Each structure stands twice: as C-alpha cells, then as structure tokens.
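Take a look at these structures.
One chain, chain A, appears in both complexes that follow, with chain B as partner in the first and chain C in the second.
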Partner chain A sequence: MSQSVTGASGAQPRQRALRLPVPPPLVGFIIRRALRGVIVLFALSLLAFGLVHLLPGSPVDTLAGPYSDAATRARLTTDLGLDKPLPVQYVTWLANTLSGDFGTSVFNGLPVRELIGDRLPNTLQLAVFATLTSIAWGIPAGALSAMKRGRLFDATARATTFVGLAIPVFAFGVALVLLFSIAFPSWPTLGFVPFSQDPAQNLQSMVLPSIALGLPLGSTLCRFMRSSMLEVYEQDFIRTALATGSTHLQATMRHGLRNAAAPVATVAGLQMAGIVGNSILIENVFAIPGIGQLTVTAITQHDVAVAQACILVLGATYVVLNFAVDLLLPLIDPQIGAK
Partner chain B sequence: MTHAAPVRVGPEAVPNRQRHWFAAFLRTRREASAGILLLVTLVVLSMTVHLWADYTPSEVAGAPFSPPSAQHLLGTDDLGRDYLVRLMTAGQTSLGIAFFAAALALLVGSAIGIAAGLRGGWLDSWLMAGIDLVLSFPSLLLALSAVTVFNPTKTILVLVLALIAVPQFARVVRAKCLELREREFVLSARVSGVPDPVIAVKHLLPNVLPLMTVQFANTAAIAILIESSLSYLGLGVQPPDPSWGNMIYAAQSYMIECPWLPLGPAGALLLASFAWGLIGEGFSGGSRSLI
Partner chain C sequence: MTSTTPSATTLGRPEDPAARLPLLDIRNLTVGYGEAAPSVQGVTLRVEPGEIVGLIGESGSGKSTVAMAALGLLPRSARIEAERFDVCGVDIRSASTRELNTLRGSSVAMVFQDAMGALDPCMRVGAQIAEVVKRHQRLRGAACRNEVLELMARVGLPNPETRARQYPHQLSGGLRQRAAIALALAGKPRILLADEPTTALDVTVQAGILRLFRRIRDELNVAIVLISHDMGVIAQTADRVAVMLDGSVVEQGSVEQVLLSPETPYTRKLLESAPSLDTEPARTEAGDAPVTGQHGSDPERRTDLMTVTGVTRRFRVKGRHITAVSDVSLSVKRGEVLGIVGESGSGKSTLAKLLVHLDKPSAGTLAMDGLDYTRLRGARARRFRDAVQMVFQHPAGSLNPRLKVGTSIREPMRASKVSRGDGEDRVRGLLREVGLPEGCGDRLPHEFSGGQKQRIAIARALSSSPDVVILDEPTSALDVSVQAQVLDLLDRLRSQHDLTYVFISHNLAVVRQVSDRVAVMYAGRVVEVGDCATIFANPQHWYTRTLIAAVPSTDPRHRNDGEGEAPRVGGSGAAGNATPPTDNAPACAFATRCPRAEARCWAEAPTLTEVGPGQQAACHFPAARGAVAEQGGS
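Moving on to the complex of A and B:
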C-alpha cells in the first residue's frame, strides 16, 4: 500500500508542480474505509462498556451479595475502580480489553478470554463451511436459472430462494433436524464433536448446520447471479458470440460467467458478514458450543463480563470482515476504487 | 416513474379506471394481491380467535400430545392445550409486534430521511453518519445488546425492532428526496417562498409514498423474523405469552414424536413473512403507478 502512495506522488509533481501530492483514488478509498472501521470499533467499545453501566444494579451488588456490610462494598468499589470518573474507567477497561484481559465470568469464575478462545474455532468452522455451502449451490443455481429462464428449473430455483429468504434460519434448522431424524434415524442430527477429538464425526455433525446457514445466504447469491447473468445476456458481446457461431453454452461459459460474477462477488462478500448474526441462531439449534451460544447463555444468566466480551468479539469480527470485503472489492471490480 | 407516464385524456379513460380500480389492482399487482389476501387471512384468524375457538389459549383442552384430529385441528401441546388456538393467539403477538415496529420505523425513518434529503448540508451529513454507524452493526447483535439491559417486554421489542429498521428506512427515503429536490416542482415551490415543512408534506411526501409502502412491507417481514429469532433464543416474548418463536423452542424437545409441534409455528412464520415479502415485491416491481 505504501509503495503505491510513493509511486503516485513521485509521478505527479512532474505534471502538476505546484500542487501537493494527491494520493490515487484507491488509496483514498482504503483510508476512508479504514477510518470508518476505526470509528465503528470505537462506537462498539462504547456500547459494550455502556452495557454494564446501563444495567440495573452495580457489579458490586452481584459480587458482594445481599448480606454484605458497607466496608466490604466500599473495598470492592475501590478494587473494581468504580469510584473513579467514567472516562477513566473506560480507558482502564479498554486497555485491559486490548491486552486480552476480558475479566472473569461471574457465573463460573473462569477467565472470559478462555471461554471465548475455546469457542471461537467452532464458530469460525461453521462460518467457513456455511459460506462454502452457499457459494456451492447459489452461484451455479443462479447461472443455470438464467440459462433456463422461464423453464421448470428456473421456477424451482426461484421458489426455493423465495422460501430461503422468507423462513427464519432457526426454523429451517429445526425442520432439517426433523427431516433427517425421520428419514435417516442413524444420522447424528444434534450434538457437536470437536475436530480435534474425531475429525470424521466432526465433519458429519457440521453438515446440517452448514446447510441450514448456507440456504438463506445462497438464496441471495442465487437471485443476484440470475439477474446479473440476464443482464450480461443483453450485452453486445454475447450477441456477437452467438452470431459468429458459438452455441448458447459456449457463449455462457466463455463470456457470460466471468462478466456476471463480478457484481455477485460484491454481494457474496457482504453476505459473509451476515453470517455473524445468523450463526448465533444456528449454534443454538444444533447445540454447537460457539460464540453465539455463549452470548445467549451469558445474557440469560446476566453474566455481564461474558456478554460484553461476546458482543465485542462478534461486532469486531463483523467490522473486520466488512473491511476485508472493502479491500477485496477494487480487485474484483476496478470501477469501485476509482469512484 | 412519474415523469414518463403519458397523460390519458380519452373520454372513456377516467370513468373506466374509476369503476374497475379494484379489478385493475388485482390484475396488475397479482403478487401484492396474493400477499394482502394471505396477510389479511392470518390477521383476521388470529384477531378473532376468541370468537370462533372452542377453547382459550391456556385451557387444558384434551390429552397432552394428541395428534391433529377433527376436534383439535393442529393437535395439542405438552400440556394438552389446543395448538391451533395457541398458534393464532401467538399470531396476535408476532404480527402485532412486527406491524407496530414497522409503523414506528416508518414514522421516524421517513421523518429523518425527508429532513436530511430536503435540507442537505450539515444536517444531512450528521444524520447519515449516525445512520451509517447503526448500519455497521449486525442487527441481531444490536437487539441482543438491548435485551441485555432491558427486560424484553412487548413494548421494548417494538422499540428495538424499530430502532434496527429506522436506518434503512431513512436511507431509502433520503435518496429519493435528494432526487426530488432537484425537480422543477420542488424548485418552484422553494423559489416562491413555501416553507420547508409545507414542501415536505405537500410535495415530497406524496412522491415518496409508494417507496414507503414497499419499505414498510419489507421491514415488517424482517421484523417478524428477528422477533421470532429473539423469542426462540428465550430473549424475546417471554413464555407464558405464546409467540411463534418461543413455541418452536418449546416444541424442539418433543419434535421427533410430535412433528406438528414445531411445524405449526414454523409454517405460520413462513406464511407471514412470505405474505409481507409478496406485498413488498408486488409494489416494487414494474414502473406502473399505483391503481
């Protein structure tokens, strides 16, 4: 990145000697997006910090219990730093969090960092598998749907995507479990096996959650791919290809797919970020010990430190993913960076 | 949408359209008509459940886990309560929360959108910066943060769902207003000294209305999904009150033996969000003006 900055500013003074070096639009775009990400992360930290202070009752009540005397409470207040002004508390908390100290769970006394570290790999595995599932069915189905426009396949695919978008992921997950336990009674529908324990069983237990999470994401991809392909079919180069003797299939494979894929990649990237919210639901349906399940348990048990850390981690993942997508977009579609 | 529409001046045009506007609506907006029909059916069935049902939602009406029969069309649940009656009572909650959340988002979001789009300048920049910030968080995460702090009563749920939907609403409306602001009828109103609030109500509002209809339907569809998700996680509508989300959660333990228990609420959810989706799709498709 720094290379392109110096390269551009080195080239410019020759043409416009009196002006300050202007970074090329792409660098400006990346800087703007990075700044935006930082602002969002700051807001996220304020939200997570604020959760504790918005809650009725102070952490001292929770720790000291109902029968504590004033001296204990005063000591706890000083120990926790609750007597200091809010900005000081915020900075202390932020410094701790950034150094990886998320506090301890009130419920089981374990460090929150450990709780999250144990569960993060499972959530990431689910997210990656679900993304792959959605791409594996959404893109081909969308392309084929456009090729067979108005035929049975098209109608079926469109109906599937409509249902995929209208049904909540958790209800679809429950329906899948039901279907599989009736049709394939030997299939392990619920219950998660860690990859380190038994890779084969782990992969088997991830099949249904990945499908459940991948269907709605794939539905969006399928719809975008279809409309993008239909738009490409209207273009001159396809007509030329057909006029010069290419078959419909050849024209699609050689010229259609690649041109249609660029805008869809944008959507696919944005969809990845959407997994963050939906994985919370799927983890609860399939009893996968991930961050999402931890979040819900923490909120139900009023385990504030854990809830705070979970919201922070999930939110930060979302922001980082969005930023990563922003960085990738100009590579896929050069017009985006140029704007 | 409006600028290209040819003016029809034939003598028969107006009375013809006046007489058959309903038929014309059904013919040109098939998807929307189907959606409205489906939604109205659901709403009427759930709102009048106390009139046509033989049981109350909390009354033990038969043996627990009875399969669907003529007496209990959708069977009974783990406590022997009539499942159809519970499903329709839950519909009042689920449909109601989504409707009020979408209505609130419509009011607040459109006001912000029109203000930002009409005024422009610093007001626009600040409002949009705030809205982009809210949009940068996953909506379910925002809802979860909110229910961490507040007990999820129905009012809180409506407020939370509305908060999530406001930014999208404001964005859509603002974009349209920015476009309308440059048009001659708004410019001429401005030049002749019409105050901004009057321009907003008399000139902008009628032109944003179709857009608001579409956005309202989409918002309601999403609100139904998020409310049911929260209730499924135990962080939305709380158990003595039935909602489609918490019914699915309760049914999960018995679903192999009694598949009608999860499938009933799941089907209802699908139908409701499908209906709103059809309405949204129906009003957004095509460039024909309404009616």
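Moving on to the complex of A and C:
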C-alpha cells in the first residue's frame, strides 16, 4: 500500500522527538469535565454561604427569642462568630467544611454531619429510583413511539407525556397518595422505613414516591427519545443497513437505539437537577426524612450551618451525578471526547 | 496494491443460466408520488453481468429514485408501475419483504455519496462489515473475521487489522468511502449501485475510488450502476451511459457514442456546460473577451489592490497547533480574477475568511490599497467591509431562512445609511441585474431554487457596491448547467461594475475558465502561483501536476488506467487528503506524496521562486520546463 501522509518513514523520528505529552483525547475530556465540576462546587459554596447570609433575620433571633436583651444577643453573636467580617466567616466555614466539619445545628445542637448523614441516603435512594423509573418508561416508550409513528401507540404516548409534563410533581404525588389509599388500603402510602431496618418495607415505601417523581420526568425523556429516534431514522446509515438486507427492526436495534440515546443521555443528566430539586417537594408529600426536608426546615429556622451544608451537599450530588453521566457518554457515542 | 485471490470470490458462476440474464431489467418504469408529476417516467434500463453503466443527469432528474426503487427502498407512498422490473431475477413489484431483505446486500448493494453518514458513527468499521458478512455469508468467528479483513484489504484500506477497530470518524474521507464499498461488497452482490460515490471527495482521492470500481468489476465480475452528475467520472469509468432528464432517459448507448457524438440536444448542452481541462477554456461571452483569459483591458490599471504578506493562521485544537494558513504572500490586482485552487484542508477557506476580515491572522499583514487592515476597528473597518464582500458555497445556508430575500440583500447597505426608498429601488435593481424578477424581494429563501438562491447571495454581495468580491466555491453546490449560467452572470457583473474577484474552488476546470491568475494551495501554503494559461499548460510544482492529472477527462478515450500514472497518489485513499500539518511535519508538506522528493525536501522548506515568466513555484526540484504535463489523466 502507499503510505499515508503522517505515516511516511522519513517523518517518524522527528515527530517522536518533538511530541509533547498530550493526554489521549478521552482522558483529557474526563479531566476537563472533572475540573469543571470542582469549579462549579466552589462557585456553589460562595452561593450557599451568600444566600443564607442574605436571608432576612439571623440565627440569633431564633436562639434568643423575641424578648431577649441586647447583652444576650451580643454574647450569642460573638459565640457564633457572626461579629467577624463576612469574608473571614466564609473562609473559616470553607476550611472547616473541607476538613469534614460542617459545624453544629444552632437549633438542636446536633452535628450537621450527623443530620445530613442520616438523611442523604434516603434522598439518594429516591433520586436513583426516580431516575431509573423515568428511564425505564421514557426511553422504551419514546423509541416505540418513533417506530410506530402516527399509529395508536404513538398518539397515546404523546397524550400521556403531555399530561405528565403539565402536572406539577407535588400535585401528582398527592393524587397518587389519595388514589392508592382508596384503591389499595393496605399499601403503605405514607411514611418511610429505612432500608437497614426492613428492606422489603423500604422498597415498598419507595414505590409511590419514585413513580411520583419519575413519571413526569420520564415524559421529557420520552419526547426527546422519540424525536431523536425520528432524526436517526432519517440518517444515511439506517438506509445503508436497510440496503444491506437488515429488517427495519434489526436496523433499529443495531444502529438506531444507540445513536438516538446519546443526546437523550445528556438530557437525562440535566434532569438530575429536576430530580434533586423536586425531591424536596416529594419528601414533604410522602414524609420521607431526606435532605430536602432538612433544607426547608433549616432555612425557615435560620439554622445557618445546616442550611449551608444542605445546599452544598445537594449541589455536590448534582455535580457528581452529572459527572457520572459525562463518563457514560463516551461509551454511547465514540465521537465524544475525540473531536 | 493488495494481492487478489480470485478463488475466494464469486467470479463468474459461469454454468449458471441465470448468470446470462440481465441483472437489472427495467422496462417502462414510472414512479410517482400523489398527484404530482411522476419523478421517474418510462425508464428502460438493462444492466448485464460485469458491466458498468453510467447514469448521468442533473439533480431532480430521477437517477437516485431509480436506484432506490431497484432496492425496493422507496417510501410506501410511492406508486411504482412498470412493464418489467426484475433485479437479479426477482420481480421488485411483487416481492415480499422477506424476499427483498434477502435480495438487498446479497444480490444488490448500494454505495452512497456521503460515506460519513452512510456508516454508523457509534460502531467500529469492522463490526459493521462483519454484520453483513454474518447475515449473507453465514460466516462466524474467525472465518467471519478473516473475510472482513480480506474485504478491507481488497478495497485498498491499509492496515485492515487497525482500521477494522476504528470508528468512521477516525478515517479520512477516501478511506471512509472505501470502507463503505467494503460494506457493500460484504454480501457478495452481483450488482452494485453507486450514487454519486465520489462527489464529496477530493479529485486525487476520486481517481483512486474510480479505479477501485473498475478493479472490482474486473476481479469480482460485479456489475456497477454508477450514478453521477460529473461527465468526467462517467467518461473514465462507464462502459455504457444513460442520460436522464426530468425522470426520463433521453439517450442511451456506449460511453464513446454518447459522450463523443451525442444525439440529443440535452446531452450536448450538458457536455458543453461542463467545464473541462480537455478543451480550450471558452469565454462565456465569446465576442467580448479574448480567449486568453485576460480581463482588465488596461494593463496600467492592473495595480495591486489587495496585498497579503506573510500571513499565517494557527488554531489551537486540544493542545495541538494546526497551521491552517502558513506564511502566504499574494497580491490581488485591480480588475483581475484570482483563482485559488486546492483540496479540502488546504486552507483556502481560512484564507478567504482572512481576506474579508472575518478572522484575524496569527501573523502577517493584509493591506487594501496600501492601507493595512489587519487590525482595523470601528468606522474604517465598516468602510472596509463595504469594499470587500463574500459569496459562500451553500446559498441555502448563507441566507437567513426567516428573512425576506429583499431584507437580506439590503443588509450590507445598512452601514452606508441608505434611505428606505432608495434601498428598495436598489434591491429591485440588483434583483434585475442578477436575472431575477424585480418584485421577488418579498419572498422567503425556500421559494427559490439553488441557482436562484446563489443569485440572491450575489445580489447581496453587490449591494454595498464593493471593489472586491471573494467567491468561496460559489458554484460547487449547483448543477452544471446552472453553474454555467452563474459563471456567466459573474463574468458580466465583473465587467459592468469593475469588480475584482478572488475565486476559490476545488474544481480546476472552473478555475481555469474564469481566472486570470491562479494560486495553488497545499497544506496551508501557496505552492504555485502564476498566469492561468501558463499554470495549466506548464505546471511546475509536483502537486499542481498531480492535481491536474487527477481531474477525470470527459473524453472516454483518455482513460487513466495505469496505476503508475499518478505515482503514489491515486493508488491509496490515504494519500489523498491534504491534511494541515502539525508542528512537526516535513519541511515541504507535499514531500510525503511527491514522486520527486529527496532528503532536502524534509530538511529545508522551499520558498516561492520565479520558475518562468509570471510563474512562481515553491519546489526544490520543479518539473523541467517545456515538458508539458499530460492533462486530463491521459
């Protein structure tokens, strides 16, 4: 064979000598995404700190009560370190947080780490189950909808997703609770059992919240999957597959799904924000002790340390989940990271 | 080249009586959609085993529809009527889905224009070929693997083991098309339908692919239907030709008969409007301009208008420096047409962007009328933009689909503060000038054909009364007859408005027809520049020679059959792409492909030096003067 432009024998030694240590594209891609996550987390810490301090009122009001005298208030302010300038407070807080010390709740005196540690698994469990629910119905329904374009299934799926997108998550949750308590009175509609206590009951109690959270989010995925599939059907490589004797189903399974899935995976990643955010509402509806509940209580009670830590942890969860999706993307589409 | 073992192929089936039947037997085929006029009407076409039939015609003539119908891949809404429609003995009209699935791939296969799109981007090339091998040859495991590698070697993919594990985006355009051909051959078909298989490729790569098609026919006895709009491609490859116009075959016969002594006026028109390197460039308005290709009649007026000095444009892509334009010095003289030719990746479009100040050079200066505009801002930059306008390749993409065309045309006037009434008058005048109805400024771009859209783009470029128009592949997306009209229009506008053109194209024949001077670019550098006639008659740089030799001649008697004709170039698709060099390329970027390269070419970069009157080449060992390069690949 003739030589390629870069593979010519004479150029080889020179190229080796001058080559800089450039990481392979995929590693570079992952490093860039990880760095981006770190930067987002840092910005988030500023935001969490700033927001909590911008809220009207202060933890001193909560602790001292409305009829306290000025001396008590001044003592409390000094104790909590609130008399120092904000940048100093921020740096102290950040340093403590980085070393794993989130402080203590001013409200009940418990370490924040413990408060969060108790609730984070519940929230994560809910988020993961809801994501799985949304993927489990959204992706197949979207793909099937595209395959059966214009038929009854397509029309039904599209009507369903429309409703799913229009209903607010908490309303849907409340409706589910009412519906289930009438239809299946024995089903544990409300309340939560930790996994460590009773796995079977825990899973049972997760069913309704996961559906409440996952079904509406799956509607978005379903819509994206459908349009993504239809786009892929227009592509030349599907025509190539058909021209080499694939049946329509074979072409869809081998070449269609994976190509359609890449853009949908990105959307699924972005939806994580929705899941983490909506879990606050769903936790309240189903009385699940999670981070969402804790955050809301902490903010209303001016529990600065808890509120800051909660915002940071929720944000970190989102960043980590998104990073996980970024790691999955090159597996689906080999062009990502190579461009 | 790869060794070929006829034993492993479907050579012949000589005793099979079916082998003597035509592979494609179409009589009076009509394909229509709904109430509209049928897109294919009364087509009769026979393809015998081992024959290459060229199907030529402009866009919308129904060539592709015939091919898709033969695969049974037309949408369900299509109405197909025919007296006879047999493909490899199967009647397409009554075939079941199951019969069609067996037929596709194992008897008929297809190669499409865009190999990047035709291959699944998420699947390794080898796996895609293996899928078809498994389906039609029922091979598994090692046998399947070996067959895949053998197919890849057969179509000229170097290092099949490595290539099989790569994804389509990791291959160059030429290699990708070879992989697509391997995929088509994987089911051992008896007839191959190739729809514009080389249209998206560079001319040197195209030469290799066309040779591959002929080799496949010779070695595997596969019949090929080659669909193309390019007379040269057909002339170089086909045995028989059918010319299509508006869904009908207007002329059919042997390639010599149709291309050398065409019987119908349409075929004659097609042949005339296709610019070719075989004939003397005919000025479009024969009476007006001398045939020598000289434009501006006053020699003293031909002063430098734009001067480009040592311009370099580097991009940093993922830690690697790509030098798209490297130390280019050029001058554009007032009133001339400067042609810039080069293959994809040669930097010609980047240079165009620098010329119109859409991008800033990393080094070097650009001057217009002696005024340096490299780093202009504000009012002076605006005045510059009025004076230099651009026309892009894809008229559809360069016009905002939601703006009325009149509004688009007015846009460049905004800077010069033309009043509303005057502006409307000017738009009407411009539309008339580019040959469109005056009142059509109220319509949207999608209501126009491709050629009309390009006319609108030209009107927009003229609306600020520029001195220079940069034309970046202005006719590449157009059919030949439309291309001829647009070139005609450009020529007329140039003389009426005293314009200077920089005409960028990969199409050498077109550049030769329109240019006064030509600059040849390779890997970001100008390797040869000079008077148009001199360059084409007597190219000095080896790249220019390679390029000119690779242009397929429209004369079927001048076939470039010998593999050694274009040394080390056409034989492999790998060599075809002029990749912009990274920082550590050889000194002369063409050295890797050059038949004349010596150690000096790796060590020392050649600079543009005078090689003859009005001709400069950047080569240490320019071709001997007087040894006129054989043109058109003869």
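Quick note on the criterion: the second predicted complex is superposed on the first by the 240 of 339 C-alpha atoms of A that agree within 3 Å, B and C clash if a C-alpha of one lies under 4 Å from a C-alpha of the other, contacts with A are read in each partner's own complex, and residues count from 1 in each chain.
One rule holds for everything that comes next: contacts are C-beta pairs under 8 Å (C-beta built on N, C-alpha and C of every residue); 3 or more make two chains touch, one makes a residue touch a chain.
These figures come from a predicted structure and were not determined experimentally.
Engineer: With both complexes overlaid on chain A, does A:F195 touch chain B (first), chain C (second), both or neither?
Structural biologist: neither
Engineer: Who does A:Y90 touch here: chain B (first), chain C (second), both, or neither?
Structural biologist: neither
Engineer: Just checking: does A:F107 make contact with chain B only, chain C only, both, or neither of them? Give me first, second, both or neither.
Structural biologist: It touches nothing on chain B or chain C.
Engineer: Is A:F153 contacted by the first partner chain B, the second partner chain C, both or neither?
Structural biologist: Touch status of A:F153: no partner.
Engineer: Going by the contact rule set out at the top, does A:T300 touch chain B (first), chain C (second), both, or neither?
Structural biologist: first
Engineer: Once chain A of both complexes is superposed, is A:Y318 in touch with chain B (first), chain C (second), both, or neither?
Structural biologist: In the superposition, A:Y318 touches chain B alone.
Engineer: Which parts of chain A are in contact with chain B and also with chain C?
Structural biologist: Correct list for chain A: none, the interfaces share no residue.
Engineer: In the complex of these two chains, what residues of chain B are touching chain A?
Structural biologist: Per the stated touch rule, the residues are 132-133, 136-141, 144-145, 147-149, 221, 225, 228-229, 232-235, 245, 248, 251-252, 255-256, 259, 262-263, 265-266, 269-270, 273-274, 277.
Engineer: Can you tell me which positions in chain A touch chain B when the two form their complex?
Structural biologist: Counting only chain A, the residues touching chain B are 36, 39-40, 43-44, 47-48, 51, 54-55, 162-163, 165-171, 174-175, 177-178, 181-182, 273-274, 276-278, 280-281, 284-285, 295-296, 299-300, 304, 307, 311, 314-315, 318-319, 322.
Engineer: Would you mind writing out the residues of chain A in touch with chain C in their complex?
Structural biologist: Listed in rising order, the residues of chain A that touch chain C are 1-8, 10-11, 14-15, 18-20, 22, 25, 28, 235-237, 239-247, 254-255, 258-259, 262, 332-335, 338-339.
Engineer: Okay, in this complex, where on chain C does chain A touch?
Structural biologist: Touch list, chain C to chain A: 1-2, 71, 73, 97, 101-106, 109-110, 112, 114, 117-123, 131-132, 135-136, 156, 158-159, 167, 169-170, 180, 183-184, 186-187, 318-320, 568-569, 571-572, 574-575, 577-579, 583-586, 591-593, 599, 602.
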